[in-house]
Amino acid sequence: MTEPETSPLAPLLEAVGLSKTFGIVEVLKDVNLTVRPGEVHAIIGENGAGKSTLMKILAGNQPPTRGEMRMDGEVVSFSGPVDAENRGIVLVHQEILLAPDLTVAQNIYLGRELHKGIFIDDRAMNEGAASAIRDLGGDIDPNAIVSRLSIAQRQIVQIARVLLVPHRIVIFDEPTASLTPHETEALLKVIKDIRAKGVGVLYISHRLPEVKEIADRVTVLRDGRLVASHPASELEPADMARLMVGRDVAKLYPDRQAAAAREAVLQVAHLNVPGYAQDASFELRKGEILGFAGLVGAGRTELMEGLVGLRPSRGAVRLNGRPVDFRDVHTSLKAGIAYLSEDRKGKGLLLSKDLRVNLTLSSLGKFVGALQIDRKRESEALDQAIRDFDIRTGRKDILAGQLSGGNQQKLLLAKMMMLDPSIVIIDEPTRGIDIGNKEQIYKFIARLAEEGRSIIVVSSEMPELIGICDRILVMRSGRIVGEVTGEHMNENEIVQLATGVKTGEAA
Amino acid sequence: MRRRTFGMAAAALAASVAVGPSLGWAQEEKKVTIGVSIPAADHGWTAGVVFHAERVAKLLMQEHKGLNVIVKTSPDPASQANAVQDLAVQGIDGLVILPTDPDPLVNAIQQVKDSGKFVALVDRAPSNNDNSVRDLYVAGNNPALGQVAGEYIKKTTPNAQVVVIRGLPIPIDQQRQDGFDKGIAGSGVKILERQYGNWNRDDAFRVMQDYLTKYPKIDVVWCQDDDMAVGVLEAIQQAKRTDIQYVVAGAGSKDMVKRVMDGDKMIPVDVLYPPSMVATAMQLTAAHFYDQVPVSGEYILDATLVTKENAKDFYFPDSPF
Amino acid sequence: MSSVATEPAKAPKTSKDWDMAAIAPFIALALLLVLGYFANPNFVSVANILNVITRSAFIAIIALGATYVISSGGLDLSVGSMVAFVASLMILFLNSGTIADPTLLLIAGMGLTIAMGAACGLANGLITTIGRIEPFIATLGTMGIYRGLTTWLSQGGAITLRDRELQALYRPVYFGSVGGIPVPIIIIFVTAAICAFVLYRTRYGRHVVAVGSNEDVARYSGISVNRVRTVAYVIQGLCVAVAVLLYVPRLGSTSATTGILWELQAITAVVVGGTALRGGVGRIWGTVCGAFILEIVGNIMLLSNFVSEYLIGAIQGAIIIIAMLVQRSLMRK
């Protein structure tokens, strides 16, 4: 296919036949890629498709096993990320890599501080940081301590830091994974501005509508091979999904019969989580999937943590009609309430331990014989979990940290299901998970509800809440501001409640 | 314990000033009166002080015809202050004082010093121990402690193979080692090895165990410290070795002095910080008046060898050390 | 699509590789034994090896407790002082002659020692968990307290077991041997076996590692982090008590300098043994090996003729670093 639609300017970077082999595993095979000035080039693919490896090669973190890269027609090879930076290729990492205790300006200039004589020139750095942030459409005090910023603000700081380097190509590695729709919108605007300056942008994302919106060209990787590269105008999100997965995934969400009105298993009345949530009252019915929507910082996670005893809270909670007051997770788990944190890596799994240890951590009591843990039964439980939750792993003795995000989420789900809870609270069930795994996780959630368990899903992705929930409660600034059900379950309705455009009960 | 700390302080202040025991060869018949104020003999060590003070007073008066030495003992600081004033009234030229408790006495001493007399302070220093308070400060000590041990070994076992356990790598330890080397100089005594035992029983035990492994024949152990000797003796006993003839320790703890006294073959002697230091201070003071030697500053002196014969003089069962 | 392919950039750390890390200290130990032989053939004599292992008993047993504290994400700097304090109390109790029968007195003294060790450990645990004070500072504080109390009890001098009969009765606990193996060595291995069982095979042990690995994950998994940490300090206290039970019969006396810097030796033994100082990994047998390594390094230095006594500290430090480097390079494979 010829490329009349794309920029006619000479390419900034051409990669030809890039391959990368680890041991006997070929993770990247003969990938060609062209980055042109003023063009956003999206790379999509499931986890494990080779996107990250490709980016690491382009950003100089790893050399390719075969293939070459040309810049301005000249063959280049990078000795490291600094070398790539010197040539104008910068990378915005997926994870936030900032020093949490330093200020915004200190982070932006970390390692390249401005000096006045032998003294650090704080004033110049603050001014520079403020203007860099303004350029990105942000409004953050350069003196603010990073740990006090929201995730979205940190992302802006991180981007500002990267863009401080003279750059010709910017690589964004899943930048919107932890952003709300509103914040995503702002980020996309930033990217458009960067593009308008004639910079080449490589954009990696799972969120296909976003890709559709921002990209000029879309390249799809699957199993380390380039399977398609088209102008974005020629592809709809559904096409992209099909190319990524290699099959039709039109049906992302499972079919569910709306749960009949059944008895409430959990009744929460006037629950306060000091500093985060006020006066929260709601009911959870047997076999229902209840969604919690809201902007990041609306207090949804904190409300759930207060409910299960991870944070101090006050209020009346009744479980199956009986009043309960959970002081710690141990007691709430025992009562049959499992909470899966949104922070899988930080709070859900021991990344440096193997799958078996992770699986049984909450339910060790079930595996203790007279004195000691029965490892054989643990292994059997792992085999069972791998089957039940389709955890894809080559070996069973690998560490949890080596699983892909989707498989980690499945493992976490399996871990919390070991105790056979009657209520499951899942916070951001599919954050950072590729589309194939997402579909599976939705199926598992639906299955749990069918088994008679009651589910609460906290999510910032409205389509997923709409796709799997029976009802959705919307939170804003620590309060439950409305409920949407039935035909009212649409993004518009939720956004209006979440942002305060509309108040009160929608149903 | 007390004496070790004291030794460190003295060593830190005074470098290596070797002081010969005999200083008087003056022939002048100058009229001089020296007052000596010391604590009363309330236990063994102070008894030694009194003993030495009186002994040397006689010797000095024999040596210098014009010299008069007045020795006064006092049981407590208040009476010692009075004693010092009495001495001053009697018209002394020099004062040698071993204070019962230095700080309460510092004013009394200062008065003597301010009236232009020569003041020698012994063993116990006030917080402000500089030449505005005294001309001479005498304390017992370290090179001597090594030298005495070395000389004893040289004398009793001239061809002994010796292992040495040192203290901590600080100057006074080095001074003891240098003194020891001087003590054995010219003999067939051979030092197999020196290692640090950190003035600690456990470490000394460990080092001794290794010495026993390493050397099939050891004649003498010099561990310069009574605490370390405890560990050394245990190690020897555990190994059931019979080649070691004896151990020379030091400091004069009651346990070790008792062993010496009881004739323990393994601990035939102990080396002490000497109560005789008062005698040396008196000799130096006399030298100030009769010899052409400038005497001022801080002086360290001999250690005494505790043997079976004299051990009872240094055995203080009531002392915690 | 295996995850090995997903995250190929990171060195694959599977449990197989961790096994390598676990045997690394033993390889370092073996190399040291060879080095020792060349330094002095006497080194490999049975008598010497038994001596060295025997006297490593105090540090080894204390370090076993430290393995719990460290792998749960804590630190205990007070153990050296705790040895001095608990041992002083034990001797004072034995000297008090509260019970006429020496055997009963000794047994009561041992019981008291175990209780005191546990109490000292509990104090450390509660200060760090309930008091929410950084372990480094909390145990630095109790280090001063235990040391100061010891100095006070001894009035600056030594506390010595006075009763000869009792001493004779108690002496075999350190100097005795069973079937040619000195009692302290047997106690090291028995204690280590118990510690290994608890850490590797029981629910509590799994919780220790989980808490040290990631406190949040442990909390979110329903584990009482404070209780796990506090019990780790109590285990440390019990190990100190066991070390004291061996220490007292050796010299029969304590002083203000007993156990000085043992805490650092114990921590070094733990780390040399392959336990991460940041927590989350505990290697009981590695710790025992680490304690042996420390003692053997000193032994080799003394037995060899080519190192000046002034340089021993430097060489010991260098050997420890080399041992760690050997370990790390093995772990990377």
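As written, the chain order gives the labels A, B and C, with residue 1 at the start of each chain.
Just so we're on the same page, contacts are C-beta pairs under 8 Å (C-beta built on N, C-alpha and C of every residue); 3 or more make two chains touch, one makes a residue touch a chain.
Just so you know, these numbers come straight off a predicted model, no measurement behind them.
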| item | value |
| --- | --- |
| Minimum number of chain-to-chain touching steps separating subunit A from subunit B | 2 |
| Middle chain, criterion being Cα centroid separation | C |
| B-C or A-C, whichever has more C-beta pairs in contact | A-C |
| Distance from subunit B to subunit A - Cα centre to Cα centre, in angstrom | 78 |
| Subunit B-subunit C separation of Cα centroids, rounded to whole Å | 41 |
| Length of the line joining the C-alpha centres of subunit A and subunit C, rounded to whole Å | 44 |
| Subunit C: positions in contact with at least two other chains | none |
| Junction residues of subunit B - those touching two or more other chains | none |
| Residues of subunit A defined as touching subunit C within the complex | 20, 22, 25, 27, 46-48, 52-53, 56, 61-62, 223, 310, 328-330, 332-334, 339, 341, 343, 346-354, 357, 361-362, 364-365, 368, 371-373, 392-395, 397-399, 402-404, 407, 415 |
| Residue ranges of subunit C in contact with subunit A within the complex | 1-10, 12-16, 197, 201-203, 206-207, 209-210, 213-214, 216-224, 280-281 |
| Interfacial residue positions of subunit B with respect to subunit C in the complex | 1, 166, 169, 193-196, 199-202, 205-207, 209-211, 213-214, 227, 230-231, 234, 238-239, 255, 320-321 |
| Residue ranges of subunit C touching subunit B (in the complex, touch as defined) | 40, 42-43, 45, 47-48, 51, 55, 154-158, 160, 175, 250-251, 253, 255, 257-258, 260, 298-299, 302-303, 309-310, 312 |
